[in-house]
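First subunit A sits with subunit B, and in the next complex the same chain sits with subunit C.
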Partner chain A sequence: MNTRKKNLGAFIFCIPGLLILAIFVYFPLIENIIYSFQGFSLSSTSKEFVGLDNYKELFSDPIIWQSIKNNVLYAVISIIFQVMFGLVIAAILEDKVFRKSERFFQTIFFIPTLLSLTVVCLLFEFIYNPQMGLLNSFFEAVGLDGLTRIWLGTRDTAMLSIIAVSQWQSFGYITMLFIVAIQKIPSDLYEAAIVDGAGKIRRFFTITCPMVKQMFFVTMVLTVSGAFTVFNEPYILTGGGPGTATMVLSLHMYQTGFVKNRMGYASAIAMLIFVITAVLSSVQFFSFGTGKEERE
Partner chain B sequence: MKKKETIIPRSIPGLLMFLFCIILSIVIIYPLLWIIMSSFKDYMSIYQDVWGMPEEWLFSNYSRAWTRGISQYFLNSIIVTICTLIGLLFVASTLAFGVTQLRGRLGYAVFLAVMICMLLSPQVCVLPLFILLRSVGLNKTYLAMILPYIAFRLPMSVMLIRSFFVGISKEMEEAAVIDGATLWQIFYKIYVPLSKPILSTVTIMTIYYAWNEFLFATILVDSSSLRTIPVGLMVFRDGLMTEWGVVMAGMVISCIPLIIVYLCMSRNFIRGLTAGSVKG
Partner chain C sequence: MKKLLVALMLLLVLAPIFAGGASEGPEEGQTEIFFFHRWPNDPKNSMFNELLAQYMEENPDVYISMDCILNDQYKERIRMIVPTEDVPDVFSSWSGTFAQEMVASGNVLALNDIYEADPEWSEKLAAASVAGFTFDGTIYGIPWSQDGKVFFYNKKIFNELGLEEPKTWGEFIELLDTLKANGYETPVAEGLVDQWAVLHYLGTINQRMIDEETLAKDYDAATGEFTDPGYVRALEYWQQLTTYMGEVASAIDHETARNTLFATGEAPIMYLQFAEIPQLEQVIPDDFEYGFFNFPAFEDGEGDPNALTGAPEGFMISNKAENIDACVDFLKWLVSPERGYILSTVGGDMSCVAGALDGDGVIDAQREALEMIQNASYLAAWFDNACDPSVYVVYGQGGQAIATGDATPESVMAQVRTAAASLH
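And then the complex of A and B:
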């Protein structure tokens, strides 16, 4: 009886939080599932049930495939430049020869993380500007005029230019995560390896890599699910253009819903994003638990 | 035996890596310095000499940026960030406390219901949220940002705070129960004061998130006077197409608060952003 009374008291503490989650997370999710079987616009008063039509359209929509291709490219490049490269840089900075300069580099690499994405995107808009942007001016200054181009306006370079923005901003953050993980490796492991005559590269592969496996996994999921939900960069820099060259899933969802005013189909696209990201995060959630490592 | 340590490594591979890190630092820092430098120029002097220092330092770019709209965005961002922070700290710590106090299956069920939300990206909910907020008329208030922000930061915050609460020794709590303290007193007088480290971590995560959030702020809010800085900067750019200097001044202003927070508490800041490994 007493436990029951105490449980009731404890449950009252949960109510505000649970209410907010119910209204702003669970309810929209359920609504979204319902919407994805309907056809309606923002101004329409009634919603028409269309069955699986929206989902059928998903598979025949060429923009969806273009978007997925871009999202995948985003993920692959992010894995190479943020996770792999970040791990290597973290290991280098943690090396003894960098003892005096580690903090300096660490601070500099971390600075872009402090800036909001809008600021970073606007900054790159100036960098990529065809007439007076930093990038083209740089190529002209070093005599490589052949390399100058309209970075965001050419099909071949637009997507890569957008992806480069995220690499610039996020690589320092991922590096920082790896530094945190490497600092937790007991130093006697390295000392033992030095006694056994293992070189630096050998130590990296046989000690550092296995010991940061969990962080490696966390950062992988982080970058990949980030790549599949990316919205701001293409929205701000190109709006999906030229043509559909830089279209990604979230942007396609946004434009379908708010520009073309087809909320039902946009909800189906949202469900696709939901399935992809939920699978990715549940892999992380159930096999490792999010970031248990980094908790104090 | 031990060689004297220098800032610049002596060995060839060490030196090469050092140079590489220097180049990387330049790639990261130069664009930022360039923005600051160009924010003091007018359009013509940027056009004529992209790389050069300003001939005449136009501090007026900053006052123009401020009066042309940034002040309003700045104020909005501060209001939204502070309200989100206060709301989130309250809701997340009470929820975390409730979860640790609940006995049996119920506690586990509540915690699971919270954690499942972490699987959900904001993109999935943004269309129904838009329709929901519009139908109840909240889309023209700050709450259109504050409430979804709290909801989407809640799972991570609860996870962090709960794991801290679980580690608090039960002795004080038991003594308090004997003295007849209520649950609220135990929460407010014992748990909250002891949890300052984790609450400050959550504070930084939240400030960082709310100050920079873009997706909800641009879609859910239907009023030009409520724009926060990330959204406002976009409008600012569209409105001042050729006045690069003023736009850049606006960009610099918008970064200052977070940079101040970072400088004042950089250790906490890094811990805040790496805890739970979830950025923004």
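And then the complex of A and C:
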């Protein structure tokens, strides 16, 4: 009886949160599923049921495949650069050698995270400017004229240039998360390893990596879902161009809905993004066995 | 100390409420008009603020609340709210398909009676501009500005090289080659990051290449096919033209190209709107002289070479407005020779009210531009106002990809045909 009462009490306390989730997350999600089977524009007074037409179009739309390709590239580079490189940098900063200057480097790495993304994009627009941009000017100044490019204006470099902006901004945040995780590792583990004669690299792979597994999972989910929902950087820097070279799923969804005025098809693209991020997060969730240790 | 801090915090939080409370919002007995437009930037935003203040001073029984956001966001917002009960009483609109879309919501007031009831006022409005808001004989808008797009050129460079305004595409290409041979690496300045800038070209090229009837059929979402071989040829001309725009064109926007390439004399030619004359005047040196010529005719083109790409913009009134008479009075006051003069001299746009450009202070180039608009056989709507977004977005992306060498005219037209077919 007592347990039942306790459970009821806990449930009552959950109601406000559940209500907020239901209104602002699940209701729009269900509504979006319904919209994805309809054809309508922003100014439509009625909605037409089109069955699976919007989903069929997903498979024949060349921009969808181009966008997925770009999102995958985004995810892969983000995992390598932010998660893996971030973990390495965090481990280095937590090393005794860097302890004294740790705060300084943490601040340096974290500052870009605090800047508004719009400001960062405008800053990089200037850096990449082909006429007077910092990057080309730098290459010219050091005699590497051959490396100058029309960074945002050609298919070969535009997407990579956009991805670089995200790495620059988010790298510090992921590194900070790893620093926090590393600080939680009991120091006696390292001390025992040192006694056993383990070197720094060995200690990194046998102690640090396994002990930050949970944070690794969190950062993987953050970067992968972030890579598949990225919008601001390509929207501000290139608008998806030149052509559709820097088109990503969320930008394509936005253009389909708010520029092409096809809200039904845009809802289908939204569902595709939802399915991709949900599947990837679930795969990561199960492969990392999150929560298992705690339950055991 | 703690109390003082709390008091200070409260003051900071409440200050904006009290500061705005006294003067904002209509007073009792005042008729309120909600006015929504797309010009949040100066000088037009300040101009509207001053005009509205003047109107409310002259008409103390009317209160106009104004809101404004920039182009693309405006398009999104107005599309969302026009079909709803929250439709603004008075709002700005482009002509052509955009206006048609607004009308399709069923919430836009038909204005024929208002035009007929006051011919002294309505006859001053340029008939071609009113036509941009007329569908099946019903007038749904009051035009307020008109615009056109032509090639602006640097007179000094043209005179030095003995160049003349080209009339045909062949002459134009020859002229561009001469400029290149004389050291002008970028004969035509353009910023292709802006898809609308690409679309302005493609719209004009299509208009010059394709006969009017076929174009009208293809631009109609219900019948568009784009099977005429002239469309591929049009994109080939575009491809040819982009080779004269320099390497950086694909990475800069239109405004940057105007201010850093054309205004500095680095690029002698640029395709500009008449509405850009005031901005151009602000950045060119004192001795910079410019002229303009209409887009040259294609030797194999079937469209009217005397047409001018451009369109009027204006205002619509909601049929759900509580005070339609007040809205009409306000717009008749706004769209008048006096306010048209302010639009032209302060706002930089050319008014479509007769007599608005007669006074001093109007830039000579604006008068020449007006003459050009009046001499054009007709005003061909902007591409993004002439056809469905599903088609013009593909055209815009394709136009960019052709410029960077990532697509061919044939492949782009195949995508356009697919997009057009999906609409019917």
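What we mean here is this: the second predicted complex is superposed on the first by the 256 of 296 C-alpha atoms of A that agree within 3 Å, B and C clash if a C-alpha of one lies under 4 Å from a C-alpha of the other, contacts with A are read in each partner's own complex, and residues count from 1 in each chain.
Following the convention adopted for this analysis, a contact is a pair of C-beta atoms (placed from the backbone, for glycine too) under 8 Å apart; a residue touches a chain by one contact, two chains touch by 3 or more.
Because the structure is a prediction, the values reported are computed rather than measured.
Of the two partner chains, neither subunit B nor subunit C is touched by A:L58. Contacts of A:I150 after superposition: subunit C is touched, whereas subunit B is not reached. Of the two partner chains, subunit B is the only one that A:I12 touches; subunit C does not reach it. Of the two partner chains, neither subunit B nor subunit C is touched by A:V283. Shared-chain residue A:T45: touches subunit C; no touch with subunit B. Looking at the shared chain after the overlay, A:F105 reaches subunit B, while subunit C stays out of its contact range.
Of the two partner chains, subunit C is the only one that A:G239 touches; subunit B does not reach it. Counting the residues of subunit A touched by each of subunit B and subunit C gives the higher count for B. In the superposed model, A:Y128 lies in contact with subunit C only, and not with subunit B. Once the two complexes are overlaid on the shared chain, A:F258 sits against subunit B and subunit C alike.
Common to the subunit B and subunit C contact sets on subunit A are residues 42, 131, 258.
Residues of subunit B touching subunit A in their complex: 5-11, 14, 17-18, 21, 24-25, 27-29, 31-32, 34-35, 38, 46-47, 50-51, 90-92, 94-95, 97-99, 101-104, 106-107, 110, 113-115, 117-129, 131-132, 147-148, 150-152, 154-156, 158-160, 163-164, 183, 187, 197-198, 201, 211-212, 214-215, 219, 229-231, 233-234, 237, 244, 247-248, 251, 254-255, 258-259, 262, 266, 270-271, 273-280. Every residue of subunit A that touches subunit C in the complex is listed here, in rising order: 41-45, 57, 62, 128-131, 150-155, 238-245, 255, 258-262. Across the interface of their complex, subunit B is touched by residues 3, 6-7, 9-14, 16-18, 20-21, 23-29, 31-32, 35, 42, 89, 92-93, 95, 97-101, 105, 107-119, 122-123, 125-127, 131-134, 137, 141, 168, 170, 172-173, 176-177, 180, 215, 218-219, 222, 225-226, 229, 231-232, 236, 250, 253-254, 257-258, 263, 266-267, 270-271, 273-274, 277-278, 281-282, 285, 290-291, 294-296 of subunit A.
Looking at the complex, you find that subunit C touches subunit A at residues 72, 75-76, 79-80, 82-83, 101-102, 104-106, 192-193, 195, 247-252, 256, 260, 389-390, 393, 397-398, 400-401, 403-404, 406-407, 415, 422.
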